[in-house]
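Listed next: structures, encoded as structure tokens.
The two complexes that follow have chain A in common; it is paired with chain B in the first and with chain C in the second.
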Partner chain A sequence: MARLELRGLRKQFGRGVVALDRLDLEVGSGELVSLLGPSGCGKTTALRIVAGFEVPDEGEVLVDGVDVVGLPASRRNMGMVFQSYSLFPNMTAEDNVAYPLRIRRQPKAERQRRSGELLAMVGLATQADRYPHQLSGGQQQRVALARALAHEPAVLLLDEPLSALDAKVRVTLREEVRRVQLELGITTLYVTHDQEEALAISDRVAVMSEGRLEQVGTPAEVYASPRSPFVASFVGTVNRLEATVASRAERTVRCGELVLRVGAEDFEHPDGTTVALYVRPEDVTVRPLTDGPAPAGAGGTVRGVTFLGSVTRVRVDCSLGSVVADVSSEEALHLAPGEAVSVELDPRRLRTLAPA
Partner chain B sequence: MAALTATAPARPVPARGPRRLARRRLPIWHLLWLVVAAAYFVVPVVSLLEFSFGGRVGGHAAGFHWYLTVFNDPSFRSSFLLSVRIAIETVVLSNLLLVPSVFWIHLRLPHLRPVMNFVSVLPFVVPPIVLIVGLIPFLSPFTFLYSRPEVLAFIYVVFALPFLYRSLDAGLRAIDLRTLAEASANCGASSASTLLRVVLPNLRAAVIGGSFLTVAIAMGEFTISSLLSFNTFPVYIFNIGENTGNEAAALSVISLLLTWAFMVGLFIVGRGGRAGAQVAATR
Partner chain C sequence: MLRYLGVVPLGAYLLVFLLIPTGELVVDAFRDPSGTFTLSNVTTIFQAQYLSSFAASLELSALAALFGGILGFFAATAVVHPNAPRLVRSSVTTFSGMAANFAGIPLAFAFTSTLGATGVITVAFRHVGVSLAAVNPDATTLGLALVYTYFEFPLMLLLLVPALDGLKREWREAATNLGASGFTYWRTVALPILVPSLLGATVLLFGGAFSAYATAYALSGSTGNLVTELIGNLTNGNVTVDPQLAYALAFGMIVIITVLMVIYGLLQRRASRWLR
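Let's turn to the complex of A and B:
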């Protein structure tokens, strides 16, 4: 197991296109860290620099404290799974997995033993003699994962390995990747633009935007306590509402007709300032106004109802603005467009940030 | 239950339309045009074949006489073997020069591809006679090379360039070279290993296809070998044709058969290449 550190990585392409702007990140031994961000945020560039396919303009890539920037990709002892299917078309699955060992002149018996072991680990023991074009996309990526692990690399790099697969296979395979990573305890850097994927499998998530790290934290931290408007809006679905600080001392904000006490720990906004109030759809309660006495929430009207399976997403126009709420599909049976409702926000889950 | 188990009534099979709908008659003009086009290519070959068996020898029909004469002529064998040797040398030299170059251009210097495309067209534009007139003063000081038939291989590499380059270029474009090369490097392979173990096997069809065309060029080239006074197979055919028409016809038939054999080879390789293209398409 190795420790990976990226220090002050900077990379500029052509004139003015800054792909990475002083990126600092640490991946502990046996940890899986995801680089999460939209297309063009620099996450793949960072991964390619670690792999040795790009040279940074500045900065260091340390593996167990040793800078590997000067080493060619072939001598970095890293395993990588690529976004596009990268299996060698002229080799069977077994030969693909054995390739790193063949390059290292391992005896044939050892190559066969190791590739058989790895193919079994990814559930493809019976497909060893198949060529890549005889395997499905998911199977090809499993073989690619086995190949990336064959030479027991110090660090495993995954560059959006599931993005070409259909949704169901993606979910299965991401669990498989995590299981294998935990089984081997290998230090892993995982690049993805899919926030659900990153939250599901990572020990920590590093959210990137425009070549910079916006926030690094556990999936729960990043989801529940975003530190920037970008993170709040990029990770998960969120309602962004305009609010004014009523009292800094009492941690209250005024949003529409409601005065809300905010639960966030770092409430540092001066009185009277305008802030952006973030609340997740699952932290919004929508009640039909016909339910007994008038509730304490803001009054509004249902504008749209979208069935998503176990939950239903309800869009309500109210004095707070346009608010999206996730309610159980059973409760949503009583809600229809045009219906008058009351909207309540869970104050413990409110997050305030200075407007972007 | 009945509703669940009931099967839908069998759908009536639509009656087939009149046969004339399935087999449309070819308009007479189309047919005539095809016959004229076919005759344009077939008649000279048939005439050549007939002429190669024609004439009388010792009061009898010639039959295979001209073919036997050709095969028994020591010059036939020596000229043919010389051409084969030069063709093999040309193929080896062309591939040694071009495969790594095109690989590197695709992988590391893609901005040079337009330059390479332009250079590869030059042999089409410059006539062989112009090329050899320019080459003779350049080559004459190198007597050890100039006097040996190997000099032809060096020159034919230039003529083979467009064909081999195009073939390799198409082959490399059909595979995701960058990803394969990076995956190989990530596995610990050097560039040479990547070229030999990953890229070349996936370029098999392109290399063999381009090599066949190179062989065809080297086996059929007349102008330069004649000007440099090497008795290659085309030069031998030309010399025979000046003396005995029937024998030259027999030689031409042999030459045609060899060319067609190469074409069949190309076809077989092409079928192998389609599997490779399928592999590329699945990615």
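Let's turn to the complex of A and C:
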């Protein structure tokens, strides 16, 4: 197991397009870290620099403390799974997996043993003699994963490996990637723009924007405690409301007609300042006004109801602004556009950030 | 039946300009001038002088396909290289489109005036003590092969550029990532993928050289020994006119090309088994 460190990586393409702006990141031994960000944020560039396909203008890529920037890609002992299917079409699944061993002149028996073992690990033992075009997209990516692991690389790199697959296969395969990664305990850097995917499989998530790291943390930290407006809005769905700090000492803000006590401990805003208040849809409660005594929330009107399966997303216009809430689909049966409702925010889940 | 309506024009074209003439040619190869069936025309082409013509044509075609193929392959590889300036690609492919069709009398004259016995390059080299007799296009198979290469290699380039474009960047990067050198990538991945295209293009080059007539005729006049030149002499010659023998020689060419196509088909099938 190896430790991967990216130190001060900088990369500029052409005139003025800064793809990476002094990126620092550590991936511990056996850890899976996802680089998460929108298209063009520099995540793939970072991965390609680690793999050796791009040369950084500045910075180091350390594997167990040794800078590999000067090494050609073929000598970095890394395995990579690409976004598009990159299996060699002229080779069977078995030959593809055995390819790195063939390059290393391993005996044929050993190659067959190892490729058989890896294909079994990704559930494709019976497809060994199939050519890539005879395999589905998901199967091809499984073979690609097995191939990337065949030579026991120090680091595994995955560049949006599931983005070309359909939704259901994506979910199955991401679980499989995680299972294999945990089974082998291989240090892994995973690039994706899909926040759900990143949150589901990572030990830590590194959120990137415009060539810089916005936040690094466990999926729960990044989701529950975003440190920047970008992270708050990019990771998951979030309501952004305007509020004024009522009392720093009491950690209270005024939002519309409500005064809310913010649960987060790092509440450092001076009294009277305007802040952005972030709350997830699942932390918003919507009650029909016909339910018993007058609720403590802000009054509003339902503007839209979207069925999403187990939950239903309800959009409400109220004195706080436009708020979306995820309510159980059973409760949502009583909600319809135009209906008067009360909106309550869970104060323990409120996050405040200085406006961007 | 309606679904085949679209291919009717192509079928009619093939019938009128390929199948009927070929059929007539084959039938005439087995007739004497009075129209009676005979095997003598076909047996005649097995005489040493005609067999040597076939050998010369085959040798020339093989050399031209080899030279054109190798040159065209490397030129195409350079043109599609990711680091090659766009201007190079567009200018080279435009030039190739023109050069691939530059054959016959103009090409023969171009080479005679440069590499012929009194060509400017030949004379210039003679002044510094170097003889270019071995590549004289008027007199040697090698020289004639070089002339053919002039239109064969751009054709190869035009045929291979799309195939090379089809090589995905990820294949090279995956091979490199897995430890392969550039050479190993070409040997184990790129070339095997390209073999069907390379075979197809080479056969086309061979066929083009095997059936070429005007360039060779313009260079060697009536003294040439290629099958196409013999056919020309036997149908239009001033001394010996024997159309029946010309048909038999053309029939021999058809047989050779058919055999080549069968071999090509078998190789292609083997090389592209991963596509099935």
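Basically, the second predicted complex is superposed on the first by the 356 of 356 C-alpha atoms of A that agree within 3 Å, B and C clash if a C-alpha of one lies under 4 Å from a C-alpha of the other, contacts with A are read in each partner's own complex, and residues count from 1 in each chain.
Definition applied: a contact is a pair of C-beta atoms (placed from the backbone, for glycine too) under 8 Å apart; a residue touches a chain by one contact, two chains touch by 3 or more.
Worth saying up front: this structure is predicted, and the values here are computed from it rather than measured.
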Check your understanding: Superposed on chain A, are chain B and chain C clashing or fitting side by side?
Key -> clash
Exercise for review: Look at A:99 in the shared chain and tell me whether it touches chain B only, chain C only, both, or neither; answer first, second, both or neither.
Suggested key: both
Review point. Can A:70 be said to touch chain B (first), chain C (second), both, or neither?
Key: neither
Check your understanding: Of the partners chain B and chain C, which touch A:16 in the superposed model: first, second, both, neither?
Key -> neither
Review point. First (chain B), second (chain C), both or neither: which does A:309 touch?
Key: neither
Point to revise | chain B and chain C footprints on chain A, overlapping residues | key: 51-53, 72-75, 78-80, 82, 84-90, 99-100, 102-104, 131, 133, 144, 147-148, 150-151
Study note, to complete from the structure: In the complex, chain C touches chain A at residues 168, 170-171, 173-181, 184, 188-189, 192-193, 274-275
Point to revise | Contacting residues of chain B [partner chain A, same complex] | key: 175-176, 179-180, 182-190, 193, 197-198, 201-202, 276, 278-280, 282-283
Review point. Chain B touches which residues of chain A in the complex?
Key: 51-53, 72-75, 77-80, 82, 84-90, 99-100, 102-104, 131-133, 144, 147-148, 150-151
**Study point:** chain C contact footprint on chain A (complex, rising order)
**Key:** 51-53, 72-76, 78-80, 82, 84-91, 99-100, 102-104, 131, 133, 144, 147-148, 150-151
